Amino acid sequence: MLNIIVTLPFLSSLLIALIYLGNTNAKRFVLYTSLGIGSLVIITTLSLMSLYDMMQGAATIHTKLFEWIHLGDFQIEVAFMADRLSIIMISFITFIGTLIHIYAAGYMKDDAGYGKFFSYFNLFMGSMLLLVLADNPIMMFVGWELVGLSSYLLIGFYHQDAANIKAANKAFMLNRVGDFGFIMGLSILFISLEGHGFSFDAIKANIALIDYQTLTLIGLLLFVGAMGKSAQIPLYVWLPDAMAGPTPVSALIHAATMVTAGVYMVARFSFLYIQIPDIGLFIASIGAFSALFAAIIASYQSDIKKILAYSTMSQLGYMFIAVGLESYSSGIFHVFTHAFFKALLFMGAGAVIIAMHHEQNIFKMGALRGELKLTYITMFIATLAISGIPPFAGFFSKDAILVTAFASGHYAIWTIGTLTAGLTAFYMFRMLFSVFHARKSKAQRVLHPLPKCMTYPLIILAIGSTFAGFVGVNGAYGGENFIAHFLQLPDISVHLSHSSEYMLALLNVSLALFGMTLAYKLYGHRAKEAQPDTLFKKVIINKFYIDALYETLFMKPLLSLSRFIATTVDMKIFDGFLNYSILFYRVLAGQFIRLQNGKVRAYALYFLLGVSAMSLFLIYKLGVNL
Amino acid sequence: MILTLLPALPFLSILLGAFVLMLLSHKKSISLESFNVTALFFLTLALFFELITFGLHSGDYLYPSIFKNFFIFDEFAAIFDVMFLIGTIFTLLVNSDYLKSRNYFSGEYFALLLFSLFGMLMLSHAHELLTAFIALEIASLSVYALVGYHKSKKVSSEAMMKYMVLGSLAGVFFILGTALIYALVGSTTLESIALYLHNAEEKDITLLVVGGSFLMVTILFKIGAVPFHSWVVDVYHGAPYPITMYMASTFKIAIFAIALRLYLVDFATINSFWLEMLQIVTILTLIGGSFLAISQTLVKRMLAGSSIVHSGYLLIGLSSIGLGSDIAAPAIMFYLIAYFLSAVGSFGILSFIASQSRRQMSYDDFKGFANRRPYMALMMTIFMLSLAGFPSTIGFLGKFYIFSAAIESGQILLAGLGIFTAFVSVYYYFKLIAMMYFYESQTDKQKSFPLNVSTLSIALIALLVIWGGIGTSLLSFIPGADGFIDLAKQAINSL
Amino acid sequence: MSADPFFLLVAILFSIGLIGVASRKNLFVVYMSIELMLSSVNLLLAILSQVLGDANASVIALLLIAVIAAEAALFLAIITHLYRENRTLDSDRFKNLSKVR
Amino acid sequence: MNYHILSSIIFLPLLMAILLGVMRAPLKVLKAGAILSSLTTLLLVVRVIIDFNPKGGMQFMQNLPWIQNAGITYSVGLDALSLVLLTLIALLMPLLYLYMLKEHRKGYWYNMLLLQTGVTGAVLSLDLILFYLFWETMLLPIFVMIGKYGNGLRQYNSMKIVLMTILGSMSMLFSILYMGYIYFETTGAWSFSLYDLATIDLSTKSSIWLTAGFLLAFAIKIPLVGFHTWMAPAYGSAPTPAVVIMSAIMAKLGVYGIWRFGYGLFGGTLHYYTPTIITLALIGLLYYAIRAITEKNLRKMFAYSSGSHLSLIALGIFLSNIYAWGGSLYFIATHALASAGMFMMIGITYNRFRSVNIEQLGGIAQKAPIFTFFFAFFALCIAGLPGTGGFVAELLIIIGAFKSSFLVGILSATTMLSAMLYIFWMLQRTLFGASHNETKIADLTLKEIAMLTPLVVLLLLTGIMPSLFIPYLEPQLLGGF
């Protein structure tokens, strides 16, 4: 079953690609749609079935497709493992993935590259499922890299515009920097456990063989991978730019699924990370810092998708706080809920964008709530969810994280998390109000009609955003924290009285409400774009100049180094050495040939000199006394 | 009586041929081709006699009652004879086109060539220093005359003048050396010298060493070793193509015939006196030759310069003999063959081109040659590769044996230098290939391959060059590289 | 009587010839220098014949004279030829061959 | 049959060339003959692969006396190492012939035939002189192809590659001769057979010098940093088939040489050079990659890319553990396939646009999607994307590097970054963006697709199921060299 789940999207992707390349101009809307969505429907059904089985208490599923490589002790199989963690992941990935596919069918309908899009999209699904279901870290890494590839392809989907490709390159490169760390971590892990097998189970069983230092190093390096993939400081800069891709892509890849791979990875290696709490704290700090940082930037952005992108980064920060503080299940819980409301937000944003004829600046929209009623309502729900207003999904998951932070005694992280929660509410509602409430900026506009397949998924997701939180209601709210029990991850146990939890929740909710009110005050009627008039604003609007910093710090030196090598090292040093040696020989030859002056008496003189030298040699050799 | 004359028949037929040609050369009515055929007839006759008497008379002397032991007949001499004869035959065949294209050739040319050949034959058999000198002079004087054969051309006369002045100067040293040796030994036969040296434990052999060194000066001069090299480039350039070819290939072999005889056998015990000197000369020759060769723009002069480098390789072999390498002497012989084939081939192509036009062939003139004459260019490439010592040609095996000998005798640095100059030589040989293939010619008309004696013999030589490089013991009925080395070893052993 | 003065004479003659070849421009003088060298060697052989009491050396000397004569024939021919062509015998003027490379 | 099979594989193209040359074959016959010979060799190689026994060590041996006086034998044989290269050659040749199907210059075809014999012979020979012969012979067609059919400063560049390569091979020749002599000194007989020479006990000092002779030749061929200045000009000037062979086969022969002869003859002494080579290889890995970033000529860019990856391969060999070895060997194959594809694509680019300058390209993706797919696919293969063979190889080498030392591990893992530095920027500027000219560009023809598809399939296969191939190599890797 797992084999089918993983391979089917790959196969359909390949099939669509072949058909597409066969004739790129042909419109085969139905064919591509049925292939692309059909395969997803099948695997969604399959994954939900397995989820059901698992909930009935079925054991972890292991399947082996074939042996990938066997060289010495390096024995890797293309094998899949569905334990409780991964089954949760694939369930919502396939579910939301299917919805977004359906949505995309509407969104991309008129695009010339429709077939290509579905090929890429299915490729992404396959890669993501491979990542999640992999039985060993190497296969996970393969999936890890392939999702990076499909993300690259999809970001650069509109390749006519060089800026999009640039964004795609940036995404892939920064992901690769992360992968660079990841592969090093994996290699060290493998070398440390050489001969003990390399499936997750085997690693878990033998984790005690590795000493603390090495383990710390491995943990750190693996997290570098997560930083790249999940857009955490300092490797986050690609995510806002990644919004260059079609909106369904942003919804699926850069919000709901791929970016959470880092969180999933940490959770998958939870057995490793519980051994090294220091690294855990580091992860949490990075998460907290990223969350705040992204929230600040988001508050000053005006591109609807970029705001969502920064909010994604911010939410990912929360997740890392959770997994860093060894509360893996609450991290995964947030991944789960976030997937619903963030996908919803993006799809809503996409709908708005389509309706507005590809206008993405929120300050050029305004007062859409009447015309896009359904979109408005669903997005409102999602915004409530992300802001952590009970009883929407986000409340429970975010609360669980903040409670953990508080309980574990890392108050600084907790403070940042709480502040960010308020800020989240502010900037999300800022966006919502600017788009749907504020006065319209232009008098006349004709909205592009939205097809049904773009709106129905919104409803489904809105339902999800509303109720998804209930799977993780913890004791304080009378639930049993079903998801945490189901996942069976090595969570830290939190000891906090119910009253403290209520207090924390109250604080969060009031902060969120405060942010919401503030947003309404500022943007509810007259939305105005932030102007870089003060230094403070300027810095924030320019995203703290991090992009420029990276440019000067890495790209420019590399380019000048490259030119330096081309013009100086290669030409002057290596070639120069050769050329000068040759020149030296030629100059010597030139001097020598000047002896060849054509005068016969000169020739006789050389003869004479030769004979004289010989005679002197003989005198010396024979020891003749003169 | 007649039977004892049998081994001398090759000599005699050449001498007879020379005289016949000389006498006939007055008749203007006889065409050049008839002369050519006549010369070839005598050469073939000599070769035939040589082959049927091959190995019959090892160690015999020619009419000891008359000549005492001035002339020896052994396999060593015989094999050199065969080389001279074949060399001359090839020289005549390859240049038949060139002869036709130049009006200054006449019957004397063939007569002189055969006289010079007669000198060489004598040289390989000479077992006495004065005989060797006279043989050398016969060969040289004829070659002097041949160099200046094109008497209306200034450079030809100039080349002859230079060669004569310097050649006579070198010749003087030979007889000076002979006189000095005679002063000590009281005889000039090689036997008695060897005998003297054999019993020379307590005697003062200074004079012998000095005399031997002077002999060596002449030999070094004739093969063009630095610092006695200065004539080579000029004379090779000034001489008509057939003569250049003849000097570079056959004449050089002749010099080594006497050099090997002297240093392998008679002076073997005192070789160590010369060793350092020889090594220094070798180093100078290798480097100086490559200096000369890379600076030239005329292909003929480049080949002249490179022939100095090849002499350097041969000298490596000679000094290896001094250090007691077993394979050095066959290596030298093999190298001579290899160089002979490649040089005859490359000069042959030059002379073929010269027979079509009257330009001096510079590198630039070869531009687009491959377009005009693809097969010629291919053969030229083969010869260049062989000269450069590229594997799968006979030139590679030649270098292989020489360097092996050098390493065997412990002259690692010399072998290294040899390999280095071989590397340098790749530059000037490949430059010619590059010129032929990589540039478009002005006239792009492809000419068909002219089927005549010259070109066919060049093609035959090209095949031999390849066969010599890859000829295997698989086909035992055709002697490959192996067969020749065996022969050379046998010849060396016969000394 | 010691033969040493004669040997010295031979050496001097030989050296004069050698230096003459290397220093004189006139081809005729060059030729004479070579002849001088050859003759000095002949003289050496003659002395040796006397010193060693062996006639062989004299025979060699005689033979050599023949060789020298042959050489002389060629030499004189080329010298006259060169003079006829160029109206000069200055050897330094004959350097056409080194003008091209 | 099996006794002669390797010789047939080696000499079939040469014999075909001679036959065609002698009968002065017209162009059509020439093409047919060349293709026929390449297909026949491919079939023979398939036969060899079928009969190949991974555990059998050296097999299909043929030993014949050649020049007995010097102890030179004609001795060929095949093990897993040579099998990889042999298969690559046999596979690439028909594809290259397909590529150059329209080529009307006869010399081109003859050179390709000669080239095939040269490289095949070098891969299979077990006698050092024989190896040297083929090693030099394969240079000749390259020399002519660059100089005659190339572009740019072709004459100068072909001279440069020849001179630099021959400098290396001359030093190797010296070492070979010296080895032969030492064997002669110890046993009294000359021999240049690899197995005979391997039995010699060398003193440390001379062994170090002799190894240097070999290593210089291989370092220039690979080329390692410092010995590389011939590379970019030669690749830039050479016509596509020659570039493919240079990058896919000849550069690998440098590595092969280290493996076969370096380890075969001087196993112990090689360690003396290990730090040096590893340093050079690590420098090369980054040096070439950084150099490639600003390179505007696609051929030269991928020349540097080739250099970068070959440095990694060389690194893997000197790390001497099974993962790195396996990785290197695997990389030899996969990089050959990928770079062959890449250079063919660049050749096709040149045919379409008359330029390989990045600045003059751009916007191809809009006009030629199939072209774009293949181009991007090979570029990504070179970047080592999972699912393609290059990834497997790089992964193995990185693991091997970490096994040997942490520092080397980190530095070699930068291969993950190095290729991407230039590849993605290059893709951005060549394939995507707005197109510079409005001319209509034909997409790939069926012929071109047919010649590229085998490479794509193989690259995917090597990436997805390495277990199909590794078993052929593993026994030998485990056995060491």
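Just so it is clear, A, B, C and D label the chains in written order, and each chain counts residues from 1 on its own.
FYI, contacts are C-beta pairs under 8 Å (C-beta built on N, C-alpha and C of every residue); 3 or more make two chains touch, one makes a residue touch a chain.
As the structure is a prediction and not an experimental result, all values here were calculated from the model.
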item: Partner chains that chain A and chain C have in common; value: B
item: Touch-network distance, chain C to chain D, counted in steps; value: 2
item: Chains linked by the largest number of contacting C-beta pairs; value: A-D
item: Furthest chain, CA centroid comparison against chain C; value: A
item: Central chain (distance from its CA mean to the mean of all protein CA atoms); value: D
item: Centroid spacing, where centroids are CA-atom means, of chain B and chain D in whole angstrom; value: 43
item: Euclidean distance of C-alpha centroids - chain A vs chain D, Å; value: 37
item: Euclidean distance of C-alpha centroids - chain A vs chain B, Å; value: 78
item: For chain B paired with chain C, centre-to-centre distance based on mean C-alpha positions, whole Å; value: 27
item: Interface hub residues of chain A, defined as touching at least two other chains; value: 593, 596, 598, 600, 604, 607, 611
item: Residue list for chain C, restricted to those that touch at least two other chains; value: 18, 21, 30, 91, 94-98, 101
item: Contacts with two or more other chains, residues of chain B listed in rising order; value: 161-162, 165, 169, 233-234, 295
item: Set of all touching chain pairs, with the criterion as stated earlier; value: A-B, A-C, A-D, B-C, B-D
item: Interfacial residue positions of chain A with respect to chain C in the complex; value: 593, 596-601, 604-605, 607-608, 611
item: List of chain B residues in touch with chain D within their complex; value: 370, 385, 390-392, 396-397, 400-401, 403-404, 407-408, 412, 415-416, 419-420, 422-423, 426-427, 430-431, 433-434, 437-439, 472-474, 480-482, 485-486, 489
item: Sites on chain A touched by chain B in the complex; value: 585-586, 588-590, 592-593, 595-596, 598, 600, 602-604, 606-607, 609-611, 613-614, 617-618, 621-622, 624
item: Touch list for chain D against partner chain A, complex; value: 164, 226, 228-229, 232, 287, 290-295, 322-323, 326, 363, 365-366, 369-370, 373, 380, 385-387, 391-392, 395-396, 398-399, 401-403, 406, 409-410, 413-414, 416-417, 420-421, 424-425, 427-428, 431-434, 465-467, 470-471, 474, 477-478
item: List of chain D residues in touch with chain B within their complex; value: 64-70, 74, 129, 132-133, 136-137, 140, 143-144, 147-148, 154-155, 158-159, 162-163, 166-167, 170-171, 173-174, 177-178, 180-181, 184, 190
